[in-house]
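Heads up, the next two complexes both have subunit A, just with different partners, subunit B and then subunit C.
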Partner chain A sequence: MKISYHLGLLSVSVLVAACASSAPSPQTDLAAVESPAPVASSDPRVKFKDGERYLRDLSANLQIPRDEICKELSQYDCMTDAFRIVLGGVEAPNLLVNDPIESAALTSPIALDRVALHVCTNRVKLDQEKPEQAVLFQAGAFGKKDKAKKPDPAWMHQTADTIYGSVLMRTPSEQEVQNLVSFYDQVRDGRAANSKEVAADWVTLSCFAVASSLEAVFY
Partner chain B sequence: MKRNKTNTGMLAALCGGVAALGIALLAPNAPLAPPANAKPPAPMAFCHAYPDAKACSSGFTDCATCHTTPPARNAFGLQVEANLAPGLPRPLSDEAFLKYLPEALKAVEDLDADTDGFSNIVEIMAGTQTADATSVPRMLACAPEDKARAAGALWNVCEYDPAYAYRKVHLDFCGQSPSRSNMDAFLKVEDQNEKLNRIGQALDQCLNSTYWLGKDGVVWNMANAKIRPAHAVKSGDNPGPVPLGDYDDDYNLFTWANSDDNDVRDLLLAQYFVKRTSSDPVRLEQVSETELAARPRGTKQPVPEEKRAGMITTRWFAAVHTMFTAIPRTTAAQAYRSYLGYDIAKMEGLHSVSNEPVDYDAKGVNAPACAVCHATLDPLSYPFTRYNGISGNYTYNDKRLLDYVRVDGAHVADAPASGMILGQPVSDLREWAEVAANSDAFAMKVTGDYWKLLIGRDPDVNDQPEFNRLWRGLKSETTYNYRVERMLHDLVLTNAYGRP
Partner chain C sequence: MTSLWSRRSFLRNASLGAAGAAVAAQASQGAYADEAAIERARNPRFLIVLSSFGGANQVDAFLSRRESEIPNAATLNAYPDSLVQNIGEFRAIDLKSPTIGAIPASFTANQSNFVRKHSNDMMVITHTGTSVNHFVAQQRSINGNAAWLGRTLQEATALTYGAGYPIPNVHLVNGTGFTERGTDETMPAYVYGERAPTPNLWPLSLDGYKGVVGAPSRGLFEKARAFRNEQLDPSSAFYRTFSGSQRVKHWTSIRGDALRGVEAEDLITKLMLFPDSEAMPLTAHGLKGSEIGQKVREAFPNYEFDPLEAQAALAFMLLRYGVSVTVTLGPDGSAVFKKGVKLGEGGLGEGDIVNPPISFDFSHQANREVQALMWNRQLMIADRLITLLKSEEFRDGQSFWDRSMIYFATEFGRTRRRPNNAMTFGSGHELNNGSLIVSPFANGGHVLGGVDPDTMLTYGFDPETGRPEPGRHMTEPEVYSGIAHALNIDTSGSALPDMRAMRRSA
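And then the complex of A and B:
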């Protein structure tokens, strides 16, 4: 059943997240400050977006052409060539996979995380190469003459807002913005707070956190 | 030949296996139980009694309705048995079984086989297990206080949520979410009817997208399990090393019948073929007979126009299913499975025909263990016997079976072109296709395929009213009249689709 595919993905994601406890995790903070639980669906029918829909969404929202957005080893399309079956695709004529797999493969969440990180890294790299066309990592992080100890709070808020707007196509709640802003110190992790590299890493990992969220992956 | 023999053997093994498994489960020292036979017609007979039951959404219920491991009965099955023609000698004939089953079912409706507090009839209609106390009906309605809270949340999980459905339509049919400006504009709409109009407009737009209709698109991939492509033996564009047939013809016809204002029954009734004249935007056109005749050798469609029956008489279908077989049981079983949803290998859709199987090709299918299924499958297969596979070059030939006398014996030539499907006699494959295409099973299968694709699972207990309305609407001349796109417009407005 499709639902087991979803639950499989979720459970393995949780497992992966738990194993990576030393890694910075904005979602941990998110859970701690979440507002009262919304009404739960009595009959949830969420579906996995599948790799193609997922990449098409990110392609449109992050303004990277679909055929350039994610290339494994710089040459294999992440969905079509690399992770097609584990990300819910089919390949009937050669592999005889006529329908999407009904239960998530162990590698499905790993592949999805990899795709999300690929795409976000790609976007921030492009932003740094062509600042005038930047989408996520906009100039102005450190104010005048780079003297600030941390990026300008207004810039951080704006960036968090842009990430949500670009990846999930909605305005984030104040709490969601705060979660990403407070994540900056975890990303810095001993490095200079006003380093452009740290700021770029923060944007990349914030993008990854949002792009690998349930809201981005399921519908 | 080899292929058919293999499949026949598998079917026999399966049919026999059901009984063998039942015996194997008995404790070694237990006394032999009195003869008790699972009845192949039972799943369908049950659904004749309860056509609106959830378990009957595909036209037949599961063996587990009455059995643990057939022929052993569960608590509900035992109650039915006790009320089934008491006094008549066992085992009952199929005829007697079918005659007395409805009243036996009626007699146990108000009992509670699993003592879970819900009567058998309540559980049957709700789709929960009558013999499993942990399986009980549940309600989906939200409490009033939750309803108000959900209405103001990001997703309204208590009702049809137009914003959720709007986004879902874009993702399902166009392959990507609506743009932010598009979504923001939708959220500003206050009038409920206008919201539903916009969902319909988005659907119309996406139904013409390459993501939906294109090669390797959603509709294309829905046909994979029905067509079973294999590139190694593909002819035409991008051929494989041993080109036998071009399944692009099959995919194009499938897409055609499922799109625009076309009749989806043409999956089984079309006497034409379709080509793609443009990939973006997708354009499909019927191929003229002149053009068809002028095709290169490996891509011809040799069955004459008047003998064609849509997807089940294409060159590809004959190549991969009939192959070299006299009585093409695999071909018939695949057609029955793909277009009516009945998998005979799972003992689904059994309509035993008296005095069948005759076993014209001497395969041993009239052994009792095999006859359980072959009494349905063989009469289903006879109308395919005049259509050649690889041997005979995919042509239609009234005298085809004479070519098999040397291998299968003289009796094979006696196999008729007439047969039976869904309990109705048919004189040839065209009639077979007519009966199939106009059946409830076909409408349920078409609707069910889309339901599973778009909702993400088979129709659930609570989905039955909406699901039944859709497949019945597909059949109705005044509702969707076999137009898939019209049905989809209503499917995306169901609670099953639009309630998160």
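And then the complex of A and C:
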């Protein structure tokens, strides 16, 4: 793995490599915060959650019908039509792919990110269209009168809790909630803190981050 | 890992610009191996495996024989003298038939045009395999029967030249032994084949953001990715528990800079073969087709309904844009009909069957017709690929074709016997055969080996001189070695034989 990562960097363009040089690599980051956790498995074995299972879980948890949850070009199912093979599926009748890929393809994380972004964008859009049936982006972001200058902490906490509960089916730790809350400032990005658009972006991207996390992808 | 830049890195970026491959080396500077990898990537050789599912038989093509040349011609697969053409050292069969065995579908097939046009780069080698099981024999055609640590030719090519390429080894055809992963697990992850099963939608998997309508801005999306990678995941109990998993390590490695490298090349646009249309509403989703899409679609006008033409079109784009150093394509087991053909309405017209079911293996029903039809199809694809590759400059006046090889990999030959003087007959699987290789690096213009007139089985050649050697049979490792060495792949320590005769130059 080390070698592949290392050599994979040879393909990075000048522009991106320059950007990347200012941002620590994921592996380094993970290593940096890794601590000798008492829960570390001595024989860590995880399985990749193939695309169909992944989408069915999200469909059930985010309350979007499976056949509507992710459409490429507004008409091709993300799993069945677009990314079935790179997301670990099989398709024997036409593509003759009888076995899932043995390890994630170079395009697998990109496809997974794309699917997660589709799903979360879709969910927040539906929440805005029918607030009374909202799942993630619920009312009260800026207080009961919707006039607060910044997001209501209780609302943020509740939203973070809902995202983790919906996507990963568990309650987040306090640290995880704080991570999402602090992420709001990054999403704000110079815009007014009490902008509904900022709040919607925060919910969408928080959902994306959780839905494409390692915990969501593997089991 | 260092993010320093070296002079060589920039030189390399500049030199690969012609290929459209922006490459930035962040390799550990001063490491000889890295420098060597960079140098090889600057001067790649491209391997195109045009797989020929079902047994592409040489004695039905470039090694065909006239009835007048074969003592037992009535019961062996020798052709009427009038059908066999001599073009240099090669033979060619042009055949027009009213049927494909029992299928009432007429067709016209031609081999001679390709031979006349490309004979200088054509090399036919004889060999005898070790399996008549489709899948096993397909695997052995690309790994030489585990000739070199179980590495496939595609993996060896990607290992040698692919370090600077976003996706060095792409498999456009799937479900065959020609694209089966090799057994050497010690190589970098990028070496192994990446499946691209659907040429129209696969490019969408090359960018995590573009085309997702209604999503927050790209900048915010990238922040969310960084937030996930740097804060959210590391703080989770899941990560602390399973961070030692190889799968988790692999995932976190490829979703980092390697991922951004693929996206930075804007491959979602460059490789988008299909134009904006009702079926592919690109513009409405903030996407657009490739700049060279029109040119490629003109070369492969049936890309919409013929999977092989779509594969070939994408294969060219992968090479042209410096994405890959090896691509594997080919027909699978599916029948392909001309667009608009309606079955069950009174017979098929001329050329309505583009690809018979099970491809070359339909020779079980009608050997000569199927071999003619399928060879015609494969040669047409190869000719168009070569033409496109010749039309694009790689660097310094060299075309992409000047650096390419097409290997018509096939699993075995077909049995040589036929009912007395039959024109239409079925054939079985036969270990003995040969392969067509087309490349400026191959010993072009030559047939290496020959055909025994008593059996119509092929015999081998001297590995050094290429002189025919009746009684000798070339092995799978020898074929593998000859191809690898023609591609200038360093096989030191492998004990593979030197097959000097298969190379144009030493």
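Keep in mind that, in the parts below, the second predicted complex is superposed on the first by the 179 of 219 C-alpha atoms of A that agree within 3 Å, B and C clash if a C-alpha of one lies under 4 Å from a C-alpha of the other, contacts with A are read in each partner's own complex, and residues count from 1 in each chain.
We adopt the following convention: a contact is a pair of C-beta atoms (placed from the backbone, for glycine too) under 8 Å apart; a residue touches a chain by one contact, two chains touch by 3 or more.
Just so you know, these numbers come straight off a predicted model, no measurement behind them.
Enquirer: Check the residue A:Asn98 against both partner chains and state whether it touches subunit B (first), subunit C (second), both, or neither.
Expert: both
Enquirer: Of the two partner chains, subunit B (first) and subunit C (second), which one does A:Ala139 touch, if any: first, second, both, or neither?
Expert: A:Ala139 contacts neither subunit B nor subunit C.
Enquirer: Who contacts more of subunit A, subunit B or subunit C?
Expert: So, of the two partners, C touches more residues of subunit A.
Enquirer: Please work out whether A:Pro44 is in contact with subunit B alone, subunit C alone, both, or neither, and reply first, second, both or neither.
Expert: Both subunit B and subunit C are touched by A:Pro44.
Enquirer: For A:Ala60, using the defined touch cut-off, is the partner it touches subunit B, subunit C, both, or neither? Pick first, second, both or neither.
Expert: A:Ala60 contacts subunit B only, not subunit C.
Enquirer: Let me test your reading of the model: by the given contact rule, A:Gln175 touches which partner, first (subunit B), second (subunit C), both or neither?
Expert: Only subunit C is touched by A:Gln175; subunit B is not.
Enquirer: Considering only the touch criterion stated at the top, classify A:Thr107 as touching first (subunit B), second (subunit C), both, or neither.
Expert: In the superposed model, A:Thr107 contacts subunit C only, not subunit B.
Enquirer: Just to be sure I read the superposition right, which of the two partners does A:Val187 touch: subunit B = first, subunit C = second, or both, or neither?
Expert: A:Val187: touches subunit C, not subunit B.
Enquirer: Per the contact definition in the header, classify A:Glu52: touching subunit B only (first), subunit C only (second), both, or neither.
Expert: first
Enquirer: Using the superposition described at the top, list the residues of subunit A that contact subunit B and also contact subunit C.
Expert: The overlap between the subunit B and subunit C interfaces on subunit A comprises residues 1-3, 39-41, 44-47, 92, 94, 96, 98.
Enquirer: Touching subunit A in the complex: which residues of subunit B?
Expert: 138-142, 146, 149-150, 153-155, 157-158, 167-168, 171, 175-180, 183, 221, 224-225, 227-231, 234, 247, 455-457, 460, 462, 496, 499-500
Enquirer: For subunit A, which residues count as touching subunit C in their complex?
Expert: 1-17, 19-21, 23-30, 32-35, 37, 39-41, 44-48, 72-76, 81-86, 91-92, 94-98, 101-111, 113-114, 117-118, 121-122, 125, 173, 175-176, 179-180, 183, 186-187, 189, 201, 204-206, 208-210, 212-215, 217-218
Enquirer: Report the residues of subunit C in contact with subunit A in the complex, numbered from low to high.
Expert: 1, 3, 13, 21-28, 37-38, 41, 163-167, 174-176, 181, 188-190, 194-195, 197-198, 201-202, 204-209, 211-216, 219-221, 223-265, 280-282, 284-285, 332-334
Enquirer: How about subunit A: which of its residues touch subunit B in the complex?
Expert: For subunit A paired with subunit B, touching residues are 1-3, 38-47, 49, 52-53, 56-57, 59-61, 90, 92-94, 96, 98-99, 165, 169-170, 219.
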